[in-house]
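Below you'll find the structures, each written out as structure tokens.
What follows is a pair of complexes built around chain A, which joins chain B in one and chain C in the other.
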Partner chain A sequence: MSRDLNIKVHHLTRVEGHGNIVVNMKDGVLEKAHLSIVEPPRFFEAMMKGRSFHEAAIITSRICGICSLGHQLTSLVATEDALGLEISEQTVLLRKLLIHGATLQSNILHAYFLAAPDFLNVGSVFPLIATHKDVVLRALRMKRLANDIGDIVSGRAVHPITPVPGGFTRIPEKAELLEIKRRLLEEALPDGIETIETMKALAGAIPQFERETEYISLKHADEYAMYEGGIYSSDTGILPVSEYLNVTNEFIVPHATSKHAKFNRNSYFVGALARWNNNHSQLGEEALGAAEAMGLKPNCYNPYMNTIAQVVEAVHCILDSVRIIDKLVDNGLKNEKPNQTPTRYGRGIGANEVPRGILFHDYTYDNKGNIVAANCIIPTGQNLANIDDDMVKLVPEIMDKTKAEITLNLEMLVRAYDPCISCSVHMLDVDFIE
Partner chain B sequence: MSTLTVIGVGNRLRADDAVGPLLIDELSKLNMPDVELIDAGSDALGVLEYLEQREHVIIIDACSMGKGPGTVITFAPHEADMVLDQGQISLHGLGLAEALKMGEALKMLPKRLKIIGIEPLSIQLNGKISPPVLGAMKKAMDHVHREVLNTQGLSET
Partner chain C sequence: MKPQVAFFDFTSCEGCQLNKLNFENDLLDILKHVDLVEFREAMDDKADAYDIAFIEGSISTPGCVERIHDIRRRTKILVALGSCAVNGGVNAMKNLHPIDEVRETVYGADKYLFSTLPAMPVSSVVKVDYEVRGCPMTQQDFLKLLVALVMGKEPPKYGSPVCLECKLNENECLYNRGMVCLGPITRGGCDAVCPGFGQFCTGCRGILDNPNLDGMLDLMTSHGISLDEAKKRMLLYNSNEVQL
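This part shows the complex of A and B:
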């Protein structure tokens, strides 16, 4: 079938940093299919140069309101690596709890506010408020608990920020943690189970599309890796975090101001589906049961299933948070002071799994503890080449559909990755009613 | 619970978008009794959590209002048409307009809600706050004080 098709979806012109989907097909031959990124360069190094090790995590936590915690913790790990700051088991546990809170929040919001409206074909979350109010309230309830974990462990909007290099400036009270545990078990777990039911009911609307690619995530010897571990490629196995530049291999493409990444193939996938494919055997039986109920199988090559992998992870985050709280309480909460005495000055690298995938921060400090070089590679940058490759395979497969259907399929594909392409400004756009 | 909550929204790393959080810094120096101050950063959807169960809230944010840079306008949500981000491709597209619309539909908004909008010149990443917006901060503080007085007037009657 010969067909001409030109699709241009321009998202949001009011702020910089948004993605446009571009597809051109002539006489049935695909000429172009990509996500064009118009974000200006990210000024990361300029922002960080000259800053002291006390400031680095505070600044990076402000890059993006949604990805704040991930940047903050990854920055701390990089700084501690560079300055030789040892941290305690309690610090590690509290950080893992924070990561679970942030992952739960992001994964749930993504599944309910971005993916579910697609599966129900209603355009956005707003129609759902009228038709499925209980579901929207459930999502907000889970978001609130995840936020409260952040408030109690890290301080936030109304407190000073407590995670610092070497530890925490405030240790949560036992009673605060036990209250979170109670809510995780009595509120979040039932909500999580309802979420599985909701997603199971919607799973039939997930497009059937497969493209096997390289999946990259952290891998940890003892647990489903979110914090710490080595870099694992589904193609070639594990590498130490110190070799991250050999994995990311950033390159420039004409259609995006954000760099792309590739390792063993033309592109690779990071995020929940990569973590699932690489590490699913380390999940508990409840999360594995959730995956089975929603039809997510090991070695899943359908990028749209990223949303389902996120819901599986949400179940894991709820239950593993309970386990972490039990461990903290069993160990006895110690009022430790952060270890902020550097034992060396040099280069350090941090890598964590944040909701959208593996995140790297890389700092070099001078002997006064100020940054002289900095690099940051975000998950979305690593996924861009993979999104383009998905589109190139997808468009010819769905050519018989209407232009509107093809556009929706492409938008859903991009949404499945939940790209952070506008890290991040939320300026209110107002027209006054005359 | 405080009588009045003031929430600053914005990204401190993005030039004039920092104005909301910066005004929260200024207000915190005044030690106003019964005024709760929140720096919500740029997680605009998170603002929703601070609106529920509160009586009187002021949100300070950089707003694209089509006015000159540094223009300060106080308005209620129903007085303005807040432009929604259509065709979200990311959670990063959920901003204050979406949060307020959701709050309204779910009947979570406080009885009295005012937005103090400040027209920015630039929201460039790693940029400095512009002279017109810096100059507008005092005026925005006056707007906050007027609302504080209004609240006290209400609570006395």
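This part shows the complex of A and C:
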């Protein structure tokens, strides 16, 4: 069909940060389809220079409020690697519990508040308070519990307080952890099962679009990787975290203040769907059952299904948090002080799975424990080239739809990635140009 | 009529806005008393005018300057939310380095592709009527201000230091535990949350009026850190407020 189409969505809503969608088609030939990132640059890597290892995680958590826990923990891993700080099993378990809390909070926020309104033809979650009050209350309940995990274990869910290099400044009490466990089993698990039913009803309206791409995530020998592991590409297998620069290959494009990334192809996918494709066999039977119920199959190439993969992970987070609490309590909680005596000074790299995908922090310290160089590579930045490539394939496939329908499909595509633009610039508007 | 309320974000992490989405227990009650007319992070709607505009983030690009002037023209009351909006926050640390060096560190040879200004508080560009401090702002602090504005009262102001709130909570002083803390010169109102969880105060709510900065530096250096390091700690959140 020879058609002129000019779409420009300025400051796309229901995403974190500022981005525009720009699509320009002339006589049926697609000239431009991309996500333009207009978030003001933050310059964190420059601000980090000269700062003490005590401050690094405090500063980098401020890259993003939604992902603050992920930045903080990845920063701590990088600092501990650089300074040779050993950490205890209890510290690792508490960090894994925090990651589950943050992932549950973020995935539920995205699925219910940011993505679901598109399927119900409303502009936000707020009209749903009148029409679907029980569903909104359920989402709020799950979010509250997830945030309470952050508040209790780390002092504050947004910009956590207690996680520091070498450990924690406060260890939660046994009674606090057991109360979280009780609420996970008595409140969150039934709410999670109801969530699967709600999302099943929405899953039928998910656009049928597929583009097979390279999926990159952490991989861990013993568990569904969230905290530490090796870098796994669905194209070429596993690499140590120390080789991350060979995977991310960042490059600058004029239409985005955040950098793009590519590895074996023109672009790659990070986030819940990449983790699902790479590591689904390490999920428990409840999470696998949830995936089956919502129609998510292994090696899913539909980016819109990322939201469904997030709900599957929510079920995993609830149940695995219970397992972690049991282990912490069985081991006996120890009032450990953080280990902050460096045994070396140099370069260290941290990699964790945060809700939106694999995150890297890389610091080099001088012999006073101050930062000489810092590099942070953000999941949304890594996804930007993949989103652009999806748009280039998607727009010609849906050319017979109205401009409004095409715009909605593109907005839903970008939202499915749950982009976090503040993060990526340390990015979103939709521009259709006609 | 319920006041028309809007939220806008500038250069920031959007953590203060997220804290509002985290009012799980009170959100539905709050919405009985205000009309939320614009909040890009959570909703599609846009409005032409507002009674109260809440601003998160610093002003750091020419585009930011244009947008904040436009919002100021549309709103009756303008509130700065969080340390980025109130005094520049952590964003202002970049102001301590030469701007060309900052741009080159992040974007290399493409440094001129993206425009940037020094990170400025909202009040340096337009009139700010009220502020909620903190990084992030606390939900309690935000609610106190919102309730006051909805009821037509004057919101609370905080003039005493974090140190005082910490003592009232009977926390052990972090200096006794080998840490260096900015509690003595930092504006309170946070209930000394960080020291309460065993972590030093970073100064996120800004510096008190008439602080004894030399005394603060003496205290810090007498607890084992260099003068240079002590100054850096003081500037973490307050690069736009303190001249050292």
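One rule holds for everything that comes next: the second predicted complex is superposed on the first by the 412 of 434 C-alpha atoms of A that agree within 3 Å, B and C clash if a C-alpha of one lies under 4 Å from a C-alpha of the other, contacts with A are read in each partner's own complex, and residues count from 1 in each chain.
Throughout what follows, contacts are C-beta pairs under 8 Å (C-beta built on N, C-alpha and C of every residue); 3 or more make two chains touch, one makes a residue touch a chain.
Small disclaimer: the values here were computed from a predicted structure and weren't measured.
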First, second, both or neither for A:59, with chain B first and chain C second: both
Touched partner set for A:49, first chain B, second chain C, both or neither: second
Chain B versus chain C as contact partner of A:109, first or second or both or neither: both
Chain B versus chain C as contact partner of A:147, first or second or both or neither: both
First (chain B), second (chain C), both or neither touched by A:124: both
First (chain B), second (chain C), both or neither touched by A:257: second
First (chain B), second (chain C), both or neither touched by A:68: both
First (chain B), second (chain C), both or neither touched by A:161: second
Shared contact residues on chain A - chain B and chain C: 11, 14-16, 18, 40, 42-43, 46-47, 59, 62-66, 68, 109, 113-114, 123-126, 129, 140, 143-144, 147, 157-158, 422, 426
Contacting residues of chain C [partner chain A, same complex]: 9-19, 21-22, 24-25, 27-28, 31, 36, 39-45, 60-61, 63-64, 89-91, 93-94, 97, 101-103, 105-108, 110, 113-114, 116, 135-136, 193-194, 196-199, 202, 229, 232-233, 236
Contact footprint of chain B on chain A as seen in their complex: 9, 11-12, 14-16, 18-19, 40, 42-43, 46-47, 59, 62-66, 68, 106, 109-110, 113-114, 123-126, 129-130, 133, 136-137, 140, 143-144, 147, 157-158, 411, 414-415, 418-433
Contact set on chain B toward chain A in their complex: 9-14, 17, 36-46, 48-50, 61-66, 73, 75, 79-97, 101-102, 105-106, 115, 117, 120, 123-126
Touching residues on chain A, where the partner in the complex is chain C: 11, 13-18, 38-47, 49-52, 55, 58-59, 62-66, 68, 109, 113-114, 117, 123-126, 129, 140-141, 143-144, 147, 155-159, 161-162, 164, 169-170, 252, 254, 257, 422, 426
